[in-house]
Amino acid sequence: MQEQQLRVGLIGAGRMGADHALRIHERISGARLAAVADPDLDRAQQVAGGFGARATADAFEVIDDSAVDALVIASPGSVHEPLLLAAIERGVPVLCEKPLTPDPKSSLRVVEAEEARGEHLVQVGFMRRFDAEYAELKRLLDAGELGAPLMLHCAHRNAATPPGFTSEMMIYDSVVHEFDTARWLLCSEIAAVSVRAPRTSSAAPDGLRDPQLVTLETTCGALVDVEIFVNCGFGYQVRCEAVGERGTALIGADGGPLVHRSGSWGGTISDDFRDRFGAAFDREFQRWADAAHQGRTDPTAATTWDGYAAAAACEAGVQAQTTGTTAEVDLAERPDFYTP
Amino acid sequence: MQEQQLRVGLIGAGRMGADHALRIHERISGARLAAVADPDLDRAQQVAGGFGARATADAFEVIDDSAVDALVIASPGSVHEPLLLAAIERGVPVLCEKPLTPDPKSSLRVVEAEEARGEHLVQVGFMRRFDAEYAELKRLLDAGELGAPLMLHCAHRNAATPPGFTSEMMIYDSVVHEFDTARWLLCSEIAAVSVRAPRTSSAAPDGLRDPQLVTLETTCGALVDVEIFVNCGFGYQVRCEAVGERGTALIGADGGPLVHRSGSWGGTISDDFRDRFGAAFDREFQRWADAAHQGRTDPTAATTWDGYAAAAACEAGVQAQTTGTTAEVDLAERPDFYTP
Amino acid sequence: MQEQQLRVGLIGAGRMGADHALRIHERISGARLAAVADPDLDRAQQVAGGFGARATADAFEVIDDSAVDALVIASPGSVHEPLLLAAIERGVPVLCEKPLTPDPKSSLRVVEAEEARGEHLVQVGFMRRFDAEYAELKRLLDAGELGAPLMLHCAHRNAATPPGFTSEMMIYDSVVHEFDTARWLLCSEIAAVSVRAPRTSSAAPDGLRDPQLVTLETTCGALVDVEIFVNCGFGYQVRCEAVGERGTALIGADGGPLVHRSGSWGGTISDDFRDRFGAAFDREFQRWADAAHQGRTDPTAATTWDGYAAAAACEAGVQAQTTGTTAEVDLAERPDFYTP
Amino acid sequence: MQEQQLRVGLIGAGRMGADHALRIHERISGARLAAVADPDLDRAQQVAGGFGARATADAFEVIDDSAVDALVIASPGSVHEPLLLAAIERGVPVLCEKPLTPDPKSSLRVVEAEEARGEHLVQVGFMRRFDAEYAELKRLLDAGELGAPLMLHCAHRNAATPPGFTSEMMIYDSVVHEFDTARWLLCSEIAAVSVRAPRTSSAAPDGLRDPQLVTLETTCGALVDVEIFVNCGFGYQVRCEAVGERGTALIGADGGPLVHRSGSWGGTISDDFRDRFGAAFDREFQRWADAAHQGRTDPTAATTWDGYAAAAACEAGVQAQTTGTTAEVDLAERPDFYTP
C-alpha cells in the first residue's frame, strides 16, 4: 500500500497553495505532499515544513524531480504556461488551479502540447463540478428529467472585494466559474457574451462597476444570465436555476440550521468560497489523486480544452464589458483528442 | 339586494368585539352591524358609533331585537350560557367566540337546548378551520393522500403573556385550538390528555409553568403532541405536522419575503394571531353570514357539540396539568342531531 | 348603512367579468352589482341574473345610468378608450382591467381627459400591488432595508397558453405586470426594453417564441430581467427577487403544506393566476370600493398615468421583440396631476 | 510521512465493516487497512483482498498483531465486550461501532477496565456528532444563542425495516442515536424514559409496533420527544428541533436541488443513513485516525462512558416499551476519569 502513496509537488505556496497542502496532507487518501516550490523560499518552507516535504524556490526543479509523481499548480495564472508545458513534456499529471492560462492563445498552446503528447495529463481546477448540488443538477439535466435545457439563471455574490480588485477580475476570477458550469451543464460551447451594468452600488470601491449582469448565448441555443455582485455585503452566495422544457431545478438555496429568534426566522450565509465549496475541493483532489494513481484524468474534471474554452469566453466577456456590445467567442475547432 | 343585508348584533365590545365589528363592517359582504351590547355602555357606543349601529348595555335587548337577524358573541366565556340559551330560544343564528362555555356541564346544557329546538343555530369560533393551510391539510388527510393518520406534532408559541396569565389559560385559551383541530383533522374524539413540563423558562412570569408538552390520545388511536410555549420571546408561531401511514404534511412553515442581509438569510415572524389568522377570521365570518342568510350553519364550522367536546378536553387537560397523570376525557354520547 | 352600498355597473361579462361579479357580490363589503353590460345580451343576463342586477347589451347605457355609482370595465382592451372617456365625462369612478388601452397614444388621450376633468377617477387593474408579498417587498424597499435597489430578477411562468396566443401577447398580457411592478417597486420609469430568446421549447405551439428573456433599463439606473415562459408545463409561478446595495429579498417562493411522500418532499404549484392572486383581487376591489365611496381613488392603485406608462413599455417591448435590438420607451412628460 | 500511516485492523466484515474498509482505504488520510477478521473467513478475505490487507477468522489475532496500530470494531454488539477488554489490555485505540455492548452491566465493565488502564482508548461510533448540521446545532446551544435549552423535538424515520426487525431494535438500533445526541447536545444525562404508541401503521410487519413516541426526561430538566417510525415508507429522515428560552433551531430540513415539475415543487429524500450521514462517517473516521496517531481520542467523540450511558437508557427504553410506564434510568456515578 505505502509505496502507492502519490507524491505530490505543489507549485505556489500562497493562500490557495497552503490550503491545498493541508488538503493533501489531511483529507486526501493515498497522496502526500513531497515538495513545495515558491519564488518566496520562506513561504515555500513554511508550507512544506509542517508536512515533512522539501522546499525550493524553483518550480522547474519540482517538475523534474523523479520523487514527484504529480503536480498541483497554485501559482498566479500568468506563469502557468511554461509550467504546464514542462509538466506535459515530462508526462506528469497536473491539477492546475484556474485559469489554465490567462488568455486563449497561450491556453491553445497548452492544448496543442497535450494533444501532441497524446496523453491526458492536465485537470483544471473548476471545483464546482465536484460539488454535490451541481453534480445532482448535472444528473437531472443529463437524465432529461427537466426536458431540454433552455435557460440558466445564475447569481454569484461575494461580501466584499480585496483592494485592487478590477472589473476585469469579475470576469476572470468570478464569472469564469459560470462559464465553465454553463458549458459543463449544457454540454455546449459559449457562442457570445454581453455585459450590462445597473447603477453602481455605493458599496463598490472607486472604479469598480459592481454589480453587472452577464448574458451568455450557447451553441445549443440556451441563454444564460449571471448576476455578478462582488460587494453585496452580506456574504458568499452561488445559485443556479436550470429552466428546461418540462421543469426547473434550483441549487444554492440556503442551508444549515433554521433558527427562530427575536421576531425573525432564518439561518446564516457562508463567509467565502472555502466554506461553501470546501467539500467540493476535497472531492476534486481525491478524484484527481485516484485517477493520477492509474495514469489517467478524472472524466468529470475540466480538461485543458475546457480551460482554453473558459479563457476564450473570458476574453469575450471583458471585450463585452468594455464595448457594451455582444462579443462573439472565437474558438478553435475542438480536436478529436478532447471529444468527451 | 339591499333588503338581504344580514343585520348583526354584537355582544361584547372589548378588543375582540371591536375587531369583529370592523370585520363585519369592512370585510364581510352582505352583512352590517346593527347593534352593539356591552355592560360598559361607553365602550358599546364607541364601537357602534363609527358604523351607524345602536348601542346598549343590555345584551338580552339585542337578542330580542326584531331588527337583528344574527348574533356575534364576543363577551367573556363565563356569561355565554344564558346568552346562547336565549338566542336558541328565539331561533337566531349565533357566531360564538370560543369557548362555547367554560365547562363541559354548561356546554352540554347548550347542546341539549339546541337539540331540543331542532335547528342548528350556533357556530363556535374555532377559526383555524377556515385557514387556507389547515383546510389544505384537512383535504390531504380526508383524501387519504397520506394514508391513515397516526400522529400530529403541534407547536403553539406566543411571544409573551399579558399580566395575570395562568397555567390553566394555557389549556383553555391556547391548547383548546389544538383540541379542536385534532378532533377536526382526525375525525375523532379526544380520549385522554396528559401534560408534562420541562424546566420552566426564565422568561416565564412567576408562577407560570411554561413551556409544557401536552399529549392527546384520540379514539381513532392517533397520538397528538403539542408544545405550548407562551413566552417563547420571538413571536407567534403555529405549526402542525400530520404523520400518516404513507407520508407526512407540515403546515405553519415560515412565509413572507426571503431576505438576505448581513450574513444571514430569513424572514420575519408574526407578532400575534390577528396577523397570522386574520384571513381565516374573515373567511369564518363570511361563511357564517352566508349560511345565516339561508337559515343554516356552515358545515365546516365547529358546532355546539364541538364546543362541548373542547370544554371536556380542557377540563381533562387542566386535571392532567394538576395531577401529573393522564386524565381521561369524560364525554356524553353524541346525539344523532350532531352526526357530521 | 344600506343607502351607502356602492352600486357597481360591470362592463364585460366574459370569464374575467363573471369572476368580478362574484367578487363584488360575495367578497366585497359595501358594494353590490347593479347592472351588467355585454354585447352578447345572453351572457350579460346570465351574469346579472344570479345577483339581482339588470342586464343590457349597451355599455354606454350603464355608464349613463344614474342608479350606477361606479364602474368595473372588464371588456377587451380594444374598446376601453370610449368607455373610459364617457365615464370620465360623467365623473364616475372606474376600476379598469388592464390594459388601460392597447397603445400609448390612446392611453395618453385618457390621461389628458382625466387631467382636464381634474378628478382622479380611473384605477387600472394591476392587482399585484395588492398582493401581500409584493406589498411587503415594496415596504422593504421603501424603508431602505435592502439599500438602494440595483436589480430585479423576475420569472413569470404559465403552464400552457390557450389557442391563438401570440408572442405579442407575452408582452401585452404577461410581462405588462412586470412593467408595472418594476415601475411601482423602483419608483422609476422604464427607459428601454430589450428581448432575447433562447431556443424555443418543443412544448410551445407553432409560431410562438417561448420562453423569452426581457431586460428593462429604468430611469433610476436599476436593471430588471424577466423570464417569460408561458408553456412551462408545470403550473403558474410568479417570482421577484430585489437586489439592493445591502441585501436581497425574494417573493413568490413555494407555499402551502410541505408534504413528504414516496421518496420526495415538496408541495403543489398553483394552476393559474386566480389561485395565486385571488386574495389580491379581493383586496384591490375592496380598496377601490372604499375609496369610491369617498369619491377618491386608492393611493396604492395604478393610475391612468401608470396605465399609459405600461402601454408605452409594451409598445417598446414588442418593438424589441421584433427587431432584436434595444427599444427606447418614448414617454410624454408626466403632468403634475399625476405626481405621486 | 509514509511510516506514519496508521495501520488499521478491522473486526467484522459484514455490510458495515465492508463500508468502513472502503472508507479507510479511499477517504481517510494517513490510515490504511492492515488486517480484517471475521468468523466467516471468506467474507474477511473478500473485504481484505481489494486493499492488500491480510484476512483471518480470529479477531484476537488482529488485536494482538504488532503490525496493527488501531482497531475498528464492526462486529455484532453481542461480541464487543471481550474484544474491547483485550484491546484495552493491549493499549490499542479502538473505534467501536455502536453499541458499546448490548447491556449496561457489560458496558460498565468496559468503563472500569479503561479507567483502570488510565488511558482513553475507546471511541463509540455515534457518528451524528460529526455531522455538520448537528455540530452547528451544538455550537448554537453551547454559545447560548438560543438561551437555555428546554426541549428537543426529534423525528427518526426509515422507509422500511428488514425482516426480523423487532420493537426492541427500534430502541437499541434507532433511538439510541437520539439518546446519545440528547445527552451530547444538552450536556446532561437521561433520567427517565417513557414510550407510547399510536395505532400501528398498516405498513408495519406483523408484531412490530410502529411508529412509537419516546419521551426522555433529562437531569438538566429538559424534555425530549422522539418519533420513531421505521416503516414510514417514503425514505430516511432525521430531524431535531431544539427549543431554548430565547429561540429555536431546526436541523434535518430537506436539502438538494429544488425542482419544479408537473404541478409540484420539491426534492428527493435520502434512501438510507449512508446517504444522509456518509460525510459524518468520513469525518468521524478521519478525526479518530488523527487522534490515534497522537495516542489520544477525539474530544468530540463518544467515550466509553457515553456508550455505557446509552446502554442504560436503552435498557430503560425497552422496559418503558414493555410496561407502558415511565422507566427511570439507573446510572452508576460518573468517574472523574470521564469528566468532559
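Think of it as A, B, C and D in the order they're written, each chain with its own count starting at 1.
To be clear about the criterion, a contact is a pair of C-beta atoms (placed from the backbone, for glycine too) under 8 Å apart; a residue touches a chain by one contact, two chains touch by 3 or more.
Just so it is clear, the structure is predicted and the values come from calculations on it, not from any experiment.
Asker: Between A-B and A-D, which chain pair shares more contacting C-beta pairs?
Answerer: Per the contact counts, A-D leads.
Asker: Return the chain whose centre of C-alpha atoms lies at maximal distance from the corresponding centre of chain B.
Answerer: A
Asker: Between chain A and chain C, what is the gap in Å from one C-alpha centre to the other?
Answerer: Taking the average C-alpha coordinate of chain A and of chain C, the gap between them is 44 Å.
Asker: Which integer distance in Å separates the CA centroid of chain A from that of chain B?
Answerer: Roughly 57 Å, centre to centre.
Asker: Calculate how many whole Å lie between the centre of chain A and the centre of chain D, each centre taken as the average of the chain's C-alpha atoms.
Answerer: About 37 Å separates the centre of chain A from that of chain D.
Asker: Any chance you could list the residues of chain D touching two or more other chains?
Answerer: 233-234, 246-248, 258-262
Asker: What residues on chain B touch chain A, complex-wise?
Answerer: These residues of chain B touch chain A: 233-235, 237, 254, 258-269, 271.
Asker: Can you name the residues of chain D that touch chain A in the complex?
Answerer: For this pair, the touching residues of chain D are 1-2, 5, 25-33, 51-52, 133, 136-137, 140, 145-146, 246-251, 253, 255-262, 279, 286, 290.
Asker: Quick check: in the complex, which residue numbers of chain B touch chain D?
Answerer: Against chain D, the touching part of chain B is residues 147-148, 150-151, 153, 155, 196-199, 201-203, 211, 213, 215, 220-223, 225, 227, 229, 232-234, 243, 245-248.
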